[in-house]
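Each of the two complexes below includes chain A, the first together with chain B, the second together with chain C.
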Partner chain A sequence: MSEELLAEPGWLSEEVKTGTTIIAVTFDGGVVLGSDSRVSAGESVVNRVMNKLSPLHDKIYCALSGSAADAQTIAEIVNYQLDVHSIEVEDDPLVCSAATLVKNISYKYKEELSAHLIVAGWDRKEGGQVYATLSGLLTKQPFAIGGSGSFYINGFVDAEFRKNMTKKETQEFVVNALALAMGRDGSSGGVAYVVTIDKDGTEEKCILGNELPKFFDQ
Partner chain B sequence: MATVSVCQYQPSGFSFENCKRNALLEADCAKFGFNAPAARKTGTTICGIVFKDGVVLGADTRATEGMVVADKNCSKIHYISPNIYCCGAGTAADTEMTTQIISSNLELHSLTTSRLPRVATANRMLKQMLFRYQGYIGAALVLGGVDCTGPHLYSIYPHGSTDKLPYVTMGSGSLAAMAVFEDRFKPDMEEEEAKSLVRDAIAAGIFNDLGSGSNIDLCVITKGKVDYLRPHDVANNKGVRTGSYRYKRGTTGVLTKTVIPLNMEVVEESIHTMDTS
Partner chain C sequence: MSSIGTGYDLSASTFSPDGRVFQVEYAMKAVENSSTAIGIRCKDGVVFGVEKLVLSKLYEAGSNKRIFNIDRHVGMAVAGLLADARSLSEVAREEASNFRSNYGHDIPLKHLSERVAMYVHAYTLYSAVRPFGCSFILGSYDEDDGPQLYMVDPSGISYGYWGCAIGKAKQAAKTEIEKLQMKEMTCRELVKEVAKIIYIVHDEVKDKTFELELSWVGEVTKGRHELVPKDIKEEAEKYAKESLEEEDDSDEDNM
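After this line comes the complex of A and B, so read on.
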């Protein structure tokens, strides 16, 4: 008797993924987050305008990538936990706390979940910070990129990033990185969402496909 | 003589022990030509749009079992609450049960809060339940309704991810329907225009997808009113036979006729009363 493989139902294998490009960069006084907007299930795009920058708190956002269900659920759970935490400490939560909550879920359910969240925000203690939480690690970085499209822009961001850029330069840097990745990665596309967080507040912007910068696009 | 019984550790959640056995049985049966029964899927076209005063949900009415149509006129638009309805694609039993469970919970929630339920609440409940079952409940849903904050439309996938959009399509015919939406959707349409657009999108799915067919059901939800139009459009009329194969009485001549009465006598008569109180 040979070992039979378990037959998988068809819809089970067609999981909805955010094959994605996400990026978060610190600048002097805050952070800028950016993402594309494409969500795919198998080979078809199911949502071409999804905002993958999800608020965890007023001045803390996270960028979603990987399995859409896992990422959305983690973001919603951490949003709830941060709400409770901020009531308990009677103050705005630290970005480090938000990142730790995300890391705790990502690490504990490492085998079951397949989502990567980049947490970025501004708090009074440390200013603008970016944390990567891939596979349950927690590391603070000057900038972080994630998603399938990030592989195409590793060289670009390494070469072009400078510490302590101005807000405008950072926004331009983020938009350029997204445009380059969306141009080369099949699983990234649509529009670009950019969120800027600094001590004065949070600004959300959406850049339509035809307004993105063009690089050698014949 | 004491028997030592060890307490078996009962793992929680789904038990997949019988899957291997089933797979082996299926392989054995296939040698004799018997096929295992397939789960009935609603290979489907469902869609929804937000228009000026509310939402319009649309669905076809074919339910398939493998390559055979199991139900020519099944209802895929399910009631969730007086102001919220949900279309379901995927495994028919899963969509039916899931929507009934959430409808029941939402009614209790509505009684507790003394308010008409919100679409976002139904969305949260559905996505949390589907995520808990990690995609094993094969229900892909289009949820729409009008509440105190306005009209809302969500698409919910079997693994638990949701999208909030002005127009959504799901099911095997979703690509055909989405093509129609991407061409003709405009924000803030009038009701008649919206109904016509949804009808055309479902028709595209019915005629271009093998898993969808039969009629088009619509559900128009506005503030304070729900129009459940079933069927809205009978897209596929059963063909009318042009000739009759019935033979008139007397076509066959009768040669002889013999009548033999069967005499039967009543042997026993007993009356059982049923307790119907």
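After this line comes the complex of A and C, so read on.
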């Protein structure tokens, strides 16, 4: 009895983590990013509608996972650095520049930080690209998944991904992946945010919980 | 001789009453005393040619190079005080290397030339240092942006060009360059023309022997800046010498 009275709610003591499922996928002509919206501190959900897809530039976004504060701060710093960079070179920045900037911070402070950002976007030289920057690594990939929820969908994405899907097929693929992960991972849930980037611009969409595809969970 | 500053020319931190900074102008004179360097941009690349005067027979062939590699894809041809130029090539190399380290790709040439020009300009502001006594031409080739050519002078300005010349015979060289239809030429054709221009502007009477330094960067080198291969260089020099003889012959006929 006395232990229960002394126990604090998680949000007083636990680090705020974006439990998370994040995913980014290239298609012929651009990229689609997707994320859930749950932010947890231990067992408590401190924010059920957080948008984890953060803009780094007009056509470059990153998906946040790990410690919420660390990930947000890295995204803000790189947003600023890309602003300065694009003014200096008088051109839109390349996706690999954004990814390298994220990687440089993640690697330099890898002992202090605990965040994994997936950088994805479109530039005129290489088109749609996705980069994973886990703990200071930098790899370009056709698609990338991250966060605690990603473990539940590794098989799904490996089996279902195809190169050069259409924009609509890719958006469906991303939403399906998110729905499956959010259904099984306790730290992922809420709504799904989807961002589509191609040469014509950036489109942000939010899919509410009851509109997500349903699988064998009737 | 040209006008003397008379008191307003002792340091770069002083303007003259007619709004000139004499130290910077004197630095440009140092460039005009040096032998000629030219850079020309064509359809698919950039070619550099330098008239390297050989001051002594004791020098090893190929020493005191005046064309530098700044990054894989960028070349730099210089005129003026060679030691100043070498120091600036190190500055350019560091800029290119830091850019690659921070942003993960090759530095765009416009950005590089602006950064180095900014550095050169900083040395025209203070009395404690002197301006750099060299001009240089930067060139690169990229699949997406094509060939690029920029020139930086001691005042710290950078300009983009299709063709430019620096050094003692720059006026004569510019006249020859303007005759070319460089936008339609390929690097292979241009190499011969560059060699010819250097041979034309070389003054046989005042200066003695010279070595021709030729380098290029373009589609033909897959975007890497390299010295022109020996066989192509020999062919170009042969073409240059033959063209000169033809012109001499045609002069005789007119008598």
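Criterion: the second predicted complex is superposed on the first by the 205 of 218 C-alpha atoms of A that agree within 3 Å, B and C clash if a C-alpha of one lies under 4 Å from a C-alpha of the other, contacts with A are read in each partner's own complex, and residues count from 1 in each chain.
Definition applied: a residue touches a chain if its C-beta (ideal position, glycine included) is under 8 Å from a C-beta of that chain, and two chains touch if they have at least 3 such contacts.
Since the model is a prediction, treat every value here as computed from it, not as a measurement.
One of chain B and chain C touches more residues of chain A, and that partner is B. Applying the stated contact rule after C-alpha superposition, one finds that A:F216 touches neither chain B nor chain C.
Looking at the shared chain after the overlay, A:A41 reaches chain B, while chain C stays out of its contact range.
Contact residues of chain A toward chain C in the complex are 85, 88-91, 93-94, 96-97, 99-101, 103-104, 124-125, 138.
Those residues of chain C that touch chain A in the complex are listed here as 101-105, 108, 110-111, 144. The part of chain A that touches chain B in the complex is made up of residues 1, 4-7, 9, 11-12, 15-16, 39, 41, 44, 46-47, 49-50, 67-73, 112.
Listed in rising order, the residues of chain B touching chain A in the complex are 16, 19-20, 23-24, 27, 39, 90, 127-128, 130-131, 134-136, 138, 140, 155, 157-163, 165, 174-175.
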